[in-house]
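What follows is a single structure, written as C-alpha cells, with notes after it.
Order of writing sets the chain letters: A, B, C and D. Residues in each chain are counted from 1.
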Amino acid sequence: MAKLPTPLRGVVPPMITPLLDRDKLDVKGTEKLVEHILGGGVHGLFILGTTGNAPALSYRLREELIERVCKQVGDRVPILVGITDTSFVGSVNIAKKAADSGAAGLVLAHPYYLSAAQAEILEYLENLAPELPLPMFLYNMPSCTKLTFEPAMVRKAADIDGIVGLKDSSANMVYFHNLQTVLRDKPDFSLLVGPEELLGESVLLGGHGGVCGGANIYPQLYVELYNAAYAKDVDKVNKLHDKVMDISNAIYSVGKYGSSYLSGVKCAVSCLGICNDFMAEPFHRFGAAQRKIIDERLVKLGIKK
Amino acid sequence: MAKLPTPLRGVVPPMITPLLDRDKLDVKGTEKLVEHILGGGVHGLFILGTTGNAPALSYRLREELIERVCKQVGDRVPILVGITDTSFVGSVNIAKKAADSGAAGLVLAHPYYLSAAQAEILEYLENLAPELPLPMFLYNMPSCTKLTFEPAMVRKAADIDGIVGLKDSSANMVYFHNLQTVLRDKPDFSLLVGPEELLGESVLLGGHGGVCGGANIYPQLYVELYNAAYAKDVDKVNKLHDKVMDISNAIYSVGKYGSSYLSGVKCAVSCLGICNDFMAEPFHRFGAAQRKIIDERLVKLGIKK
Amino acid sequence: MAKLPTPLRGVVPPMITPLLDRDKLDVKGTEKLVEHILGGGVHGLFILGTTGNAPALSYRLREELIERVCKQVGDRVPILVGITDTSFVGSVNIAKKAADSGAAGLVLAHPYYLSAAQAEILEYLENLAPELPLPMFLYNMPSCTKLTFEPAMVRKAADIDGIVGLKDSSANMVYFHNLQTVLRDKPDFSLLVGPEELLGESVLLGGHGGVCGGANIYPQLYVELYNAAYAKDVDKVNKLHDKVMDISNAIYSVGKYGSSYLSGVKCAVSCLGICNDFMAEPFHRFGAAQRKIIDERLVKLGIKK
Amino acid sequence: MAKLPTPLRGVVPPMITPLLDRDKLDVKGTEKLVEHILGGGVHGLFILGTTGNAPALSYRLREELIERVCKQVGDRVPILVGITDTSFVGSVNIAKKAADSGAAGLVLAHPYYLSAAQAEILEYLENLAPELPLPMFLYNMPSCTKLTFEPAMVRKAADIDGIVGLKDSSANMVYFHNLQTVLRDKPDFSLLVGPEELLGESVLLGGHGGVCGGANIYPQLYVELYNAAYAKDVDKVNKLHDKVMDISNAIYSVGKYGSSYLSGVKCAVSCLGICNDFMAEPFHRFGAAQRKIIDERLVKLGIKK
C-alpha cells in the first residue's frame, strides 16, 4: 500500500461516489472512474469527501467503497479517506475500516451539527488523534460546517501526533496565507487548497497542492497546472488556469441550486461514459435538457470527442 | 403504546441523553430522568433531538436508548424520536427501530451537511415519508442546519401523508405566525415552539405547545405555564414566564461557549441527583467551579432543596 | 410640544417618507399621511426610521421633513426622530434639528458600515448621549446593521443619562425577553417591538408597545390590538392579530425582492389616495401589475372601500 | 491633473484619514502622509475608502480632504475618491467635489443600509453613472455592505458608460477569477484586489493591481511586489509576499476587536512620526501598551530605525 509522503504534494482528486441507487454502489462505474483519474497522473486519491457526498451515504456503502477502491488502487497512489462525522465513534469506525483496507490517511472536518468553539475543537482533535490508526488531514469547510479552523488553533493542532496537514476549502486566500505563515516552522505539514480555481496561485505561493473536483472529469489538466505552478512557469499557469476557469463556468453552473457543482461533475463524468450519475438524496441528477447542455459543453471544451 | 393525538398539544420535553461515557448509556440515570420528567405531567417525550445531542451518538447507542425509553414509558405518554440524519438510509433505519419499540412519532430536520434548496427538501420529504412507519414532525432548526423551512414549502409538506406537525426552534415569532397563517386550513397540523422562553406567548396566540429543554430540570413549571396560556390566564402566564426566564438566565449562561445551554441542563439535572453529566464530544461537562455555580443557583431558584 | 412619557407606551408608527422625486418631499402627501396616522389614535409618531428609508435621503430633505412634521403635529403626540448615521457628527446635527423643531425624542442604531464590538458601541453611546438635546431610544436592527445590541450592554447603556428605551426589530422574542429580564429594575425603560406581527404577544408579556409599519395603512387596527393586549383580552388579541397577519401576508409579499415590505407599504398608502409612492433609490415603486394586486387586496381586506 | 490610465494598473493605496479630532483634519499629518505614500512610487492614491473610514466622517471634512489632497498631489498620480453613501444625492455631491478638485476617478459601493437585489443595484448604477462627472470603479466589500456584486451583474455594469473597473475586497479569489472570466472581452476594465495579502497572486494571474492598506506604512514594499508579479518573477514575489504577511500578522492583530486592522495601520503610521492616530468614532486609537507593541514590531520588521 502506498505510504503518505511528507508533506503530501500534488493533485489529490476528491472522487465522486458512483451510485446505481440510494444505497447501491455503481461498482463497474467506480472501477472505470478510478482508472480514469489515476490515468491522469494524479498524486493521490481522496474518497468520501464533500464531492463524494459522504455524509449522505450509509456506513455500509462507505465501507464497501473504501474496500473496493483500496484494493483496486493498490500501491499506485496513497488513498485518503474522509471520516467526517457528527459522532466520534462514527469517525473512529470508518478510520479503522480505512486502515484495514490499506488507505494511507484520513481527512476530518469537525462535528458540524451543534457548533463548537475553537478550544472544544482542539480538545476534540487531541482526543481523537490517538484513537486513529492513520495520519489525518484537517478539513476546513466553513460553508458546510459553519466554522473556520482559526490559524492559531491549527498551529496547535499541528503539534498533535498524527495530524499531518490541512485541506482548505474556504476559497479565502488571506486565510490560506495566514495558515502558511503560522506554519512556517512546520515545513512537513501539508497545506492543500480545495477549490481548483486556486490551484495555480496557491502552489506558486508555496502551497503543496490541490484537491480538485474537476479531476473527476479531466485529471491531467490539473496535474499539468500543478506541475507548471511547481516549476514557476507563470505563462503556462495562466494558460492552464484559463482552461480550469472554463470548465468551472461551463460545467458547475447549469443547475439552479447550490448543488450545481455536484450535479455538474456527476453529469459530466456520466456523459463521458464512465459511470452512472445517480445522486444521493436530497440531490438529484440533471434532467435531459441539462444533460444535453453539459454534453455539448464537454465537446466544446475538447474534453469529449 | 400511546398514540399521537391530532393535533399533538402541550409540553413535550426534549430529553437529554444521560451518558456514562462516549458510547455508554447511563441506564440508571435514564430511568430516573424519565420518571422525573413524566412526574411533571408532560404531554409527551421527545428523545434524540438537539438537546439529546443525537447526531453525536452512535447508532448503536441511539437504538439502545429508543428501546429502553419506549419500554419504560409504555402507554403513559406518546414518544417522539428524532431521526435527523445526513443520510436517507440512516433516518429510515432509526425510524424503524422507533416503530418497533413502540414510539408514537418521528422528528426530522433535513440533511444538513451540504445545503439543499427548498424544492430539494420538499422532494426529499415526499420520498422519505412513504418509507417511514410512523407520523413525522418537521424540525425547523436553522442555527444547526443553515436553512429555514419556508412557510410556502411547509404548507406543501403538510399535504404529504404522514407529516403531522412542525417544531420551530428559530426563535423568530414572525416566522412562527407566518406558519400559523399559511396553515389555517390545517387545524390538525401541530405547531410546537422550541425555545421555552416562547411557550407562553405561542400558546396564547394559538400555538399547540412547546418542546421545553428546561423540563429536564423542572417539568411541572412548563406544564403549568402551558396550562395557564391554554386557559388564557395572562397574569399567571406572566408570573410563570418570569420563572422560566430566571431559569434560562441562571442555568444556560454559565459556560463561555455556545454549548452553555446543553452543559447547563446536563449539569443541573446531575446536581439534582438524577443522572450523570458526561457529554458526548466535542462538548464537555462543567468543571467543579461551574458546577458549584449551577448548584447554588438551583437552590436560589427553589428547584433544589 | 408633546413630552415623552416615561415609559413611552403604545403604538408609535414608523412613518414612510412621501416623495415626489429623489430629493423632493411630497408635501401635500406628507400632510395627509400625518393626519391619517394620527386619526387612528396612535401614541406617538416616528419619522426617519428604516420604514422612512432615512439613510437614502439627503440631510436637506430629512431636515425639511422634521420641520414640517413637527410643526403640523404640534403637541398632539410626541415625535421620535431617527438619527442613525455612520457619522457621529451627522447624528448630532439631525438631533439638533429635531430638538429645535419640537420633537420629543431620538432613535439611534449604531454606525453600521464597519462593524464595531459591543464595548466600542457602549463607549460610542457614552460619548454621544451628552451631545444630544433630547432623550434617545436605541434601535436594535441586526438585519441592516449586522450587529445585535447584547442584553448585558443594553443594561449598561440604560444607566446612561438620556437613554430611555429600545426598539427591537430582530423578530427574536427570546432576545426581547432577555432584555426585559435584565431591565426588570428599570421599569421606566421603554421596550418597543418592531415587527407588528409581534405587537400582541410582546404587550401581553409586559412589553410597552410597538413600532408598526402597517399603521401607515390602517393605524386604528394596531391601536386596537395594543389596547386589547394591554387589557389582557386574549380572544380579542387573537382576532386582531389574525387581521395583522392578513395585512402582512397580503401587502408585504407582492414584490420579488427584499424591499417588498417597503414597496408594499408605500404602494398601499398611495392606493388609498394619501400620498405618492415614489421610492428613494435603489428601490422602486411597484409597476401597474403589482399595484393592481395591492389595490385588490386592500379592498378584500376591507381597508379600501 | 493626472488622467486615469486604461486600465488602471499598479498599487493604489487606500489612504487613512489623519485626524486631530472628531471633525478636525490633521492637515500637517495629511501632507506628510501623502508625500510618504507617493515617495514609495505608487501608481495612484485612493482617499475616502474603508481604510479612510469615510462613512464616519462629516461631508464637510470629506470635502476638505478632497480639496487639500488633490491640490497637493497635482498631476503626479491619479486620485480616486470614495463616494460610497447610503444616499444617491450624497454620492453625487461628493463626486462633484472630487471632479472640481481635480480627482481622476470615483469608487462606489452600493447603498448598504437596507439590502438591495442585484437587479436593483444594476439599475442604481445605470441611474447614477450619467450623473457623475468622472469615471467610476465599483467596490465589492461584502463584509461591510452585506452583498456581493455577482459576476453576471458586474458584466452588465461594465457596459455602462463611465464604469471602468472594480476593486474586490472579498478575499475570495474564486470570485475574483470568476470576474476575470466574465470580463475577458473587456481588457480595459481594471480589476484591483483589496487585501494586500493577495496582491502577488492576483497580478501573477492577470489582475491589474491592488489597493494595499499597508502602503500607508511601507509603500515601496507593495510597489516592489507588484513589479515582481508583473514581471512574473515568482521567487521575488514569494520573498516580498512573506514580508507582506509579516506586516499583516504583526501590525493588524494587536487590538482585540474587528477594528484591529484600522487601529493598527493608524498607530503604525503615527509611530513613524507621520501623522496623528486619532480615530473617528466608534473606534479608538490604541493605548500606550498596544502602541508600544506596534512600535517594537515596526523596529523588528526593519520599517522603523
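Quick note on the criterion: contacts are C-beta pairs under 8 Å (C-beta built on N, C-alpha and C of every residue); 3 or more make two chains touch, one makes a residue touch a chain.
Just so we're clear, the structure is a prediction, and the values are computed from it rather than from any experiment.
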Where centres are the averaged C-alpha coordinates, which chain has the largest centre distance to chain D?
B
Distance from the mean Cα position of chain D to that of chain A, given in whole angstrom:
36
Expressed in whole Å, how far the mean CA point of chain A lies from that of chain C is 50
Is the chain-to-chain touch network here best called a line, a ring, a star, complete, or other?
ring
In the complex formed with chain D, which residues of chain C make contact?
22-23, 50, 53, 55-59, 61, 86-90, 110-117, 119-121, 123-124, 127-128, 143-144, 146, 256-259, 262, 280-284
Can you list the chain D residues touching chain A in their complex?
171-175, 177-178, 180-182, 195, 197-198, 200-202, 204-206, 232, 234-235, 237-238, 241-242, 245-246, 248-249
